[in-house]
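Two complexes are shown next, each including chain A; its partner changes from chain B in the first to chain C in the second.
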Partner chain A sequence: MTLLAIDKLNLAAGDIPLVHDLSLSLAPGERLGLIGESGSGKSLTALAAIGLLPPAIAATGSVTLGGTQVIGASDATLSRLRGTVTATVFQEPLTALDPLMKIGRQVAIPLARRARRDGTSIDIDREVIALLEAVALPDPARIARAYPHEISGGQRQRVAIAMALACRPQLLIADEPTTALDVTTQAEILKLLDRLVRERNMALLFISHDLPVVAKIVDRVVVLQKGRAVEAGPVAEVFATPRHAYTQNLVAAARQFDAALEATP
Partner chain B sequence: MKRPGLTLTIGVLLVGLHIVVGLLTLVWLPYDPTSMTGGRLARPSWEHWAGTDRLGRDFFTQVMIGSRIALIVGIGAVAIGGVIGVTLGILAAFATKLLDDALAATLDILIAFPTLLIAMLVVAASDTASLFTAILALGIALSAIVARLTRILAKRVLLLDYITAARTSGASWLAIVFEHVLPNIAPTLAVNFALQFGLAVIAEASLSYLGLGAPPPNASWGRLLQEAQGTVYTAPIGAIAPGIALVSLAIGVNLLADGLRELTDPSKRGRA
Partner chain C sequence: MSLLKVENVGFAYGRRPTLTDVSFTLEAGRSLGLVGESGSGKTTLLRLILGLERAASGRILFDGTAVEPRDGGFMRAYRRNVQAVFQDPYSSLDPRQKVLRIVSEPLRALKITGDHTAMVREALVQAGLEADILDRLPHQFSGGQRQRIAIARAIVARPRLLLADEAVSALDLSTRIRIIELFKTLATQMTLVFVSHDLGAVAALCDELVILEKGRLVEAGPTRKILADPQHPYTRTLLQSVPRMPA
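Then we have the complex of A and B:
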């Protein structure tokens, strides 16, 4: 059974094609990286997967999420699907949290929604603290009472991950979750995502332009260039022997950057 | 730098004064507002603080009642304009592009007409002039401004990641409106409501001045000003007293709005 299947997906804004004939699939527990430069259609593909495309963008083809067709589905169907099958972590930790709401409540809302939909009753306060602990936040009780501007960028991103986990998704979509963070924090967040995805047996769709980051966390990659999938395969294979010129450029650029880093004392 | 506390304090004091006077008129008045025992156009004295009008009624009593009426008009008009405006604005922000464009264009056309003119049209269209028609007219006139502001503010909030995050975790539109959009636009709306309140009070005075507001037994400041017009050289207090009352409430509300704005600035709030 596949969790997410994208088949011949075409996205266009008016006459301008944005994503062309893209097909990919993701089984439960599998990790897929979607890489490419800015404007290559990575984030749009992720939005299409959960039916959150801006109204100006037209989609054709097929996207099935947990067995349900997403393209053309009603908002009610989609909102149910989104809450139970997927959750998303975004790039910018500054805007990912509601500035006027305490952290604890922001985590509590998706928790309560999930419990309501499952028809179970849970101790929300305790679950909030448990989630904040799960994302390795220090002093969860204090953080739960804090506003977003009172904690650091890395901590905010951990909270965003906790909110995503609150939905208990089968598929976690991470859209450049480490791009806005400094290198040390980046490594910590990656380690955290890696552990959580393993422990909770989630599938992961990881979107990034940063090859080394992607290589650390996923099994397979799809390389996008100008809306087309130019290369796909196991991550080690694609990075060791890139066949497409674009991938070769990406890999070479990453290696040069690494070499430059190592050359500096 | 202006001290934010001072602005708010003066605003609260001025508005508070009118609220106290307005509430006081419900239980106590210096004179019966219809009793004509003070002599025609008496000068201010210990018995009649602001003198009397042409019919010998105590003027201070009428100005006090004016406070109550101004507050009722302000609160009523803002409540009506707020409910209609916020609802329309939120609907427009969530609507499909076509509907949103249509609503936005309609609002722009409505806003192009002066508030007072719209209010006058509404009053003229209703059969009888009463305090309620004046409030309704002003509420409707203000709702266009509120709706446009709400639409823009809501649209800006809707673009932020935490809304997308909430949607990806399965939040319904209604949940997003009440959990995220309204709380985040509330501070700006509150400031705007305070400004609209001031506008409504002045507009009601203008309507009453033109004879389109509350009919005579109600001592609206606008009507007092209009009645004092003929005797402004012989008894200037008749124009000065309601004038001061009107200006003090309008300035008070504006200072209050300004103070509120500084108080609710998100970067300065909530260090709990």
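Then we have the complex of A and C:
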């Protein structure tokens, strides 16, 4: 079964085409990277996948999540899909979290929702701590009592990941989840995502402009340029022998920075 | 004599020390990368060098003279010698002003006489732009072109020291490479201090490195030497954390 199937997706703002005839699919447990520069349509594609497109953007084609059509779906349907099928981690953990609510309460919201959905009763406080532990936060009890501004950027992103995990989604969508982080923190978050996706047998749609970051975590990539998929395939293959001129440029630029770092005295 | 000398500089916002006992020198014509993560104090150090803040302890010497932010006369002369380019090309240009007015601003502020239009044209060409964009507005340009306009503004008064604060961080990969190439060319004509969290960009551009961690200088020296044989554990962690392309 396909978890996420995007078929001939077209997105446009008025007369301006933003994504053109995009098709891709993701099976349970698969990891796909969506790469491109600003304006390539990669984040819009992610929003289309979870039914969060701004009203001004018109979508045609088909997007199914767990077999349910997303385009044109009711809020109730979308609300059910976001959680059971998929959850999303965004770039900026500071804006993804409510600044006026303690971490523990924020993490409790999706947990309570899952309990209602499953008709089970759970010890929410204990589950909150367990989730914060799962994302390797130090001293989870203290973090649960803290407000977002009282913890670091890397810790905030771990909290956002914990909230995404709360509903036990089959597909995790991560939109530039490490772009706002320091390089050492980025390395830790990538390791964490890699482990969680593997342990929980989730599929991963990873969106990024950063080629080496994508290479670390996904198996396949789709390269987007100005809303069009110009190349797709196994990440090792695409980065080793890029066929499209645009991919070739991106790969060459990324390798140029690598080469600079490999300088010998 | 070194063009820039940072001597035992310390600074604190309130009680929290931001910089502690930082010292290094930069010879004229060299390019220096100031590298650190958030909270390392790199932007504060840049502000001190620019004279926007005054060091709480130690001093900063430019061409042998101490930078004194409270001395208006000194600062006017200093501004002519030291200019800066910032991270976000979208917020650093006034959206209502035309390119000519934006780029010629330092000439007016510094009361530099002469044919400003000709000087602006020359700076634009030096920054890799066409000379005939004088009447256009910032929104008509891409992010990379806007950063070139900001660079033209920084070099129009022919400073001796150019400071760049994360000046390529907001740019796409292919644009970033091209702007780094531009900085490389400029670095042959002036001294450059390039502040960045991006080790790859700094390695591609700078002769020398200063690595900051939590307000302290942990390692400094020639870029190639530090990359090949990092001495401090933090430098090693930093280098190992940079994701690389698969072989």
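We take it that the second predicted complex is superposed on the first by the 263 of 265 C-alpha atoms of A that agree within 3 Å, B and C clash if a C-alpha of one lies under 4 Å from a C-alpha of the other, contacts with A are read in each partner's own complex, and residues count from 1 in each chain.
Please note the rule applied: contacts are C-beta pairs under 8 Å (C-beta built on N, C-alpha and C of every residue); 3 or more make two chains touch, one makes a residue touch a chain.
As the structure is a computational prediction, the values presented were derived from the model and not from experiment.
When both complexes are overlaid on chain A, chain B and chain C end up sitting side by side without clashing. Shared-chain residue A:Met163: touches chain B; no touch with chain C. Of the two partner chains placed around the shared chain by superposition, neither chain B nor chain C is touched by A:Asn10.
With both structures placed on the common chain, the touch criterion links A:Thr64 to neither chain B nor chain C.
Look at A:Ser79: by the touch rule set out above, it reaches chain B but stays clear of chain C.
Across the overlaid complexes, the C-alpha centre of chain A sees chain B and chain C at an angle of 80°, to the nearest 10.
Residue contacts after overlaying the shared chain place A:Phe239 against chain C, while chain B stays out of touching range.
Of the two partner chains placed by the overlay, neither chain B nor chain C lies in contact with A:Ser23. With both structures placed on the common chain, the touch criterion links A:Thr95 to chain B but leaves chain C unconnected. When the shared chain is aligned, chain C comes close enough to touch A:Ala253, but chain B does not. Following the chain A superposition, chain B and chain C show a smallest Cα-Cα distance of 15 angstrom.
Under the contact criterion defined above, no residue of chain A touches both chain B in one complex and chain C in the other. Touching chain C in their complex are the following residues of chain A: 37-38, 153, 182-187, 190, 209-213, 215-216, 235-236, 239-240, 249-251, 253-258, 260-265. The touching residues of chain A, when paired with chain B in their complex, are 50, 52, 55-56, 75, 79-84, 86-92, 95-101, 106, 109-110, 113-114, 117, 145, 147, 149-150, 160, 163-164, 166-167, 173.
Partner chain A is touched in their complex by these residues of chain B: 96-97, 160-162, 164-173, 175, 179-180, 183-184, 266-267, 270-272. For chain C in complex with chain A, the residues that touch the partner chain are 37-38, 143, 172-174, 176-177, 197-201, 203-204, 222-225, 227-229, 237-246.
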